[in-house]
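Below, subunit A partners subunit B and then partners subunit C, in two separate complexes.
Take a look at the complex of A and B:
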C-alpha cells in the first residue's frame, strides 16, 4: 500500500503534465480538423468535413511528395557520410575517440537558427562558396545556390548529420573489428568487408540513425523557409502558412494530420519489422 | 595489414563541413564590410551596434527568465519521473508512463508546436511568455527524465538498501546517498533542459503570440529582414557562451554528459 502511494506520488507530476500538454493537444489536432474556422482566427461552432474535402482538392500531393522525397534524399546522404564517420571514430585510439566524439557533438550545441543562417550567408550570391565555384569554373555567376531544393537538402544534411553519426558510432563501438580483419584475411576487398561484415553488424545503429534523421526532416519548416524557394516548400511550411498567414487553424490541423501519418509510417514499419524479426531468433535459440 | 584510409578521409571532410560555416561566420563578425562579401578590415563596430539594440537585450532577458524557470520545473518533473520509472519498472502504469516520456522525443517540433497552439487557443489561454514556458517544460521533461534514468540505471541499488538497513530514514537516504550519486545526472539534465529552452525556435514561434519575443524569435526576424552583420556578432557571442558552457560542464561531469565517453 505504501509502495502504491509512493509510485503514485512519483508518477503523477510528469504523467499529468504530459497528459495535459502532450496527449490532449495531439488528439485535439485530429478533432479540430473537423471543426470550421471562425473569421477571427479561432475555432467556429459545429462540425464539418469541408476542410478534409478541401485538402483533397488542393494540389497538396505535390508538396507531400516533395517532403517525402527531400527527407529521403537527406537521410540517404546522412547515412552515406555517417557510416564511414562512425566507423572511423570507433576505430580511433580511445583518447582520440573522445576528442573526435566531442568534435561531432559540439556543433549541435550551437543554436540551430545560427547554423542555418551561417549557410544562408555562405550560399549567398556574393558569398564565398559562389566565388570559389566560379573561380574553379564549376558554376557561372548566374547559378543560384540559394532558394532551391539542393540548398534545402544540403542544410538539412548539415543539421541532422551529427544525430546520424552518434547511433552508428554507438553500434560500431560494440562491434568486434576482428571480424572485418578476418574477412580481409580471407580475401575480401575493403569495401566488400565494410558492406558485408560491418554494415550488418551495426544494423541497429543504422535503423536508429534513419529514424533520427527522417522524422525531423519530414517535419522541417525553418530550413525550407530560410534557404528554400517557393518551389521547395514542405508540409511544415504549409502548416505554418495556414497558422500565421491565413489564420485558419482547422486547415492547419488537417495538414498536421497528414504529417503525423507520414511520420508514423516509418516508425510503425520499424516496430513491425523488429517484432517479426524477434520471433525466428527465439525459435533458433530454443532449437540450439 | 593496411587499413583503408577512406573512412578517416570522410570523417575529416565531415568535421570541416561541420566547422567551416561557423568559422566563417565568426570571422565575418569582425569584418568591417556591411555585406560580408570580401574582407574590408578588422572592426568591432557590429558588436558596438549590438549593444545598442534594446530589443535584442529584452529578448535575451525573456529567454533567460524562461530558460531558468523551465530548467527548475522540468528538473523536478523529470527526476520524479525517472525515479518512478526506475523503482517501479515492471508495473503497467510505468510502461504507459515510459511511452508518455518517450513519444515527445520522436515527434517533430512543428507538430508539438501546432498541437500546443490548438490546445491553448481552444482553452482560451492568452498566448505569451507563460505559454512558452508551459511548452518548453513539456519537451524538456522527457530529456531530463531519460538522462537521469540513465544515471540511475548505472549505479548499484544495493547502496540505497544498505543505507536503509543501517537505519537511515527515507529523507536521509535521499539526501545523503541518492542525491550525491544523482548529482552528475541532474547537472547534465539541467544543462540539457536549459540549452534546449534557450535554443528552441519552432515550438516557441507557434505558442508565442504576437507580443512575446525570445532570442531565437528575434534572430529569426533579423535573418528574415537581413540584418546580417549584427547576427554575425550576436552569433559569435552565443557561440563563445556555448563553448564555455560545454567546457565547464565537461570539467564538472568528466565526460558523462553523453554516456559514451569515460
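Take a look at the complex of A and C:
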C-alpha cells in the first residue's frame, strides 16, 4: 500500500505537466469552439454552436481530404523506408549500428525550420536538384519541383522519417532474427520471411511509427506553407489563417476540435484493441 | 546405398577463427548420425553449412548426389531443429507446424491432413490452438520437431535439441526422438556435446575438435577403440600411460615400457615399431582392483598399488590409486551382497590388473587432452 502511494507520487510531476500544458490548452480550444467571436479578434459573450455548424458550409472538405491523403501517403512512404532501414540497422554490427543511428539523429541538430528552408533552395527552379534532374534528362526545365503536393509529401517524409525509423529499430533490436532463419529453413523466400515473421515480430514498433508519423502529419502547417502551393493547403494552414488573418479564434478552435477528434479516433481505436487483446491472454496464462 | 549427405573438404572461418577446418564426411541415407564435440568445436557451423545459412570458404556440400553448396536455405530439402527451437511466437502451434506447407502453397485440405498427422505424432492434438509462449520446454521441442518433419525433409538437422531441457525430460525426449527416427526413416544429423545422447541415439558418430574430425565410427568403435587422446578422453574417462614400445611379442602384441611401472603388454594393431614413444589409453572400468594378487597370465598386466581416494557413486565406485609413478583411475561395480572380500578403503594396498586387449595405443596425443579426464584429486590422503 505504501509502495503504491510512493509510485503514485513519482508520477505526479509528469501528470501535472500533462495537465497544465496538454489537457488545459486542449480543453480551452474545446471551450472556445463554442463561444461567439467578436469583431475585434476577441471572444464575445455567451455560448453558441453556430461556429461548429458553420464549418460544414465552408468548403473545408477538399482541404480535409487532402490533409488526410497527404498524411496517409507520407506515413506509407515513411513505413516503406523505415522497415528495411530498421531491419538493416538492427542487423548491423554494434559499431556500424551506432554510426547508422547517429545518421538518423543528426538532422535533429539543425532547426526544423532551417531544414525546410534548405529544401526550398534545393528544390528551387534554379536549385541543384532541378539542375541535376534536367541534366540527366529526368525533368524538363519547365517541371516545377516546388510549391506542389509532391514537394509537401517529400519534405514531410523527410521530416518524419526518423520518427518512423526509431520505434521500428527499437522493436527490431529486440527481435530474434533466428526466427527469420527458421522461416527460410522452412522454405520461405527472403521477402516471405520478412513479411510473415519479421513484420509480425515488430508489429508494436510499426503501430508506434504509424501513430507518431500520421498524427503530426495531419497537423502539418509549416511544410505546406513553405514548400506547398495554393492547392496544397492543409487543415493546419487554414487554422493558422483563421487565427492570424481573420482573427477569428472560435472558428480556428472549431476547426482544431474537428482535427483533434479525427486524430483521437484512430488512436483510441488502437489503444482499445490492444487492451482487448491483452486481457484474454493473461487469463489463459493463468489457466495454463 | 552410398552417401546421402556429403561434406567434401569443407572449411569455414569467421575472421581469425577457423570454425570448420577441412571436414570430409559422408552420411548414409536413413542414418542417425551425430556430430559430437565440446562447445565451440564447430558443430553448429557444420549444421548451418548443411542448412544453407553459411557458405563454405572451401569445399562442397552434396545432398543425394546434387551439389547444394550454393543453394539458399529455402531451396534445400533439409530442415533444422534449432537449439532455441525458434518457434514463431505470433503463430499458434497449428500455424507453426503448417508454416512450411503454406509457404509451399500446398492445397488447404492436404495441409490440414498433414498438420493433424503431425500433431498426433507428437501427441499434442489438444494443444493446437496454443501459442508457443504457453507451452512447456518439452512441448516446444516437440512442436519444433513436427514443424520440421511435416515438410518431409531429406535430412533433419538437430542442433542440441535437448540441451535446454532438464534431466528427466531429456531422457524422455531422447526415447521419443529415437522412436520418431524409426518411424519416419529420415536421415538425422544430430549435433551434441553430450556423449550420452550421442552414444544412445546414433548409428555413427563423428567426434569433432577444433573444427576437425577426430574419428568417425559406431558408438562402440569410438568408445572401445579411440584413435586419439582427444577421443579417448572426451568420450568417457580413461587413463593415459606414457610409454615406449620395448619389443614385439608373438602375434600382434608388444611390450611397453612405462617409467615407474611394470612392463605392460598391449595389442599393437597399429604396428608401432620398437623404440617409438606411444600413449596407452586404458578405460577405468576395464581395470580390476582387488586385495589379492591375480593368477599370472601372459596377456594380463598386473601392478601393485596403493589406494589414494575412494569416491562412491551409487552404482559404481571410483578408486584413485598410485601404482609406481602413475596415478590410475579404476571404476568398479560393487555387489553389496556378493562381497568377495571386505571393502577396499583409503590407504589399502591393492593389486590392479587389466587384459592386454583392453589397452589402446593412441595414434595422436596432445598433452592438453589429459585435462579432459576427470582430474585426480591432488594431494588428498598424502601426509
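Just so we're on the same page, the second predicted complex is superposed on the first by the 260 of 288 C-alpha atoms of A that agree within 3 Å, B and C clash if a C-alpha of one lies under 4 Å from a C-alpha of the other, contacts with A are read in each partner's own complex, and residues count from 1 in each chain.
Here is the rule we use: a residue touches a chain if its C-beta (ideal position, glycine included) is under 8 Å from a C-beta of that chain, and two chains touch if they have at least 3 such contacts.
Bear in mind the structure is a predicted one, so any value in this text is a computation, not a measurement.
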Item to complete: Once the structures are superposed on A, label A:178 by its partner contacts, choosing first (subunit B), second (subunit C), both or neither.
Response: second
Worksheet item: Does the superposition put A:200 against subunit B (first), subunit C (second), both, or neither?
Response: second
Practice prompt. Quick one: classify A:271 as touching subunit B (first), subunit C (second), both or neither.
Written response: neither
Discussion item. Under the stated touch criterion, which partner chain does A:261 make contact with: subunit B (first), subunit C (second), both, or neither?
Written reply: neither
Worksheet item: With the two structures laid over each other on chain A, which partner does A:132 touch: subunit B (first), subunit C (second), both, or neither?
Response: neither
Worksheet item: Of the two partner chains, subunit B (first) and subunit C (second), which one does A:192 touch, if any: first, second, both, or neither?
Response: second
Worksheet item: Counting residues of subunit A in contact, which comes out ahead: subunit B or subunit C?
Response: B
Worksheet item: Can you list the residues of subunit A that meet both subunit B and subunit C?
Response: 181, 184-185
Discussion item. Which residues of subunit B touch subunit A once you look at their complex with the stated criterion?
Written reply: 1, 3-4, 6-8, 10-11, 13-15, 17-19, 21-22, 24-25, 28, 35-37, 76-78, 80-81, 83-84, 87-88, 91, 93-94, 97, 100-101, 103-104, 106-112, 114-119, 121-122, 134-135, 137-138, 141-142, 145, 195, 198-199, 201-202, 206, 216, 219-220, 223-224, 228, 231-232, 235, 238-239, 242-243, 245-246, 250, 255, 258, 260-261
Fill in: Residue ranges of subunit A touching subunit B (in the complex, touch as defined)
3, 6-7, 9-11, 13-15, 17-19, 21-26, 28-29, 32, 42-43, 81, 84-85, 87-89, 91, 97-98, 100-107, 109-122, 124, 126-128, 158, 161-162, 165-166, 169-170, 173, 181, 184-185, 190-191, 194, 211, 215-216, 218-222, 226, 236, 239-240, 243, 249, 252-253, 256, 259-260, 263, 267
Worksheet item: What residues of subunit C sit close enough to touch subunit A in their complex?
Response: 51-53, 72-74, 78-80, 82, 84, 86-90, 99-100, 103-104, 130, 133-134, 147-148, 151
Discussion item. So in the complex, the part of subunit A that touches subunit C is made up of which residues?
Written reply: 176, 178-179, 181-189, 192, 196-197, 200-201, 203, 284-285, 288
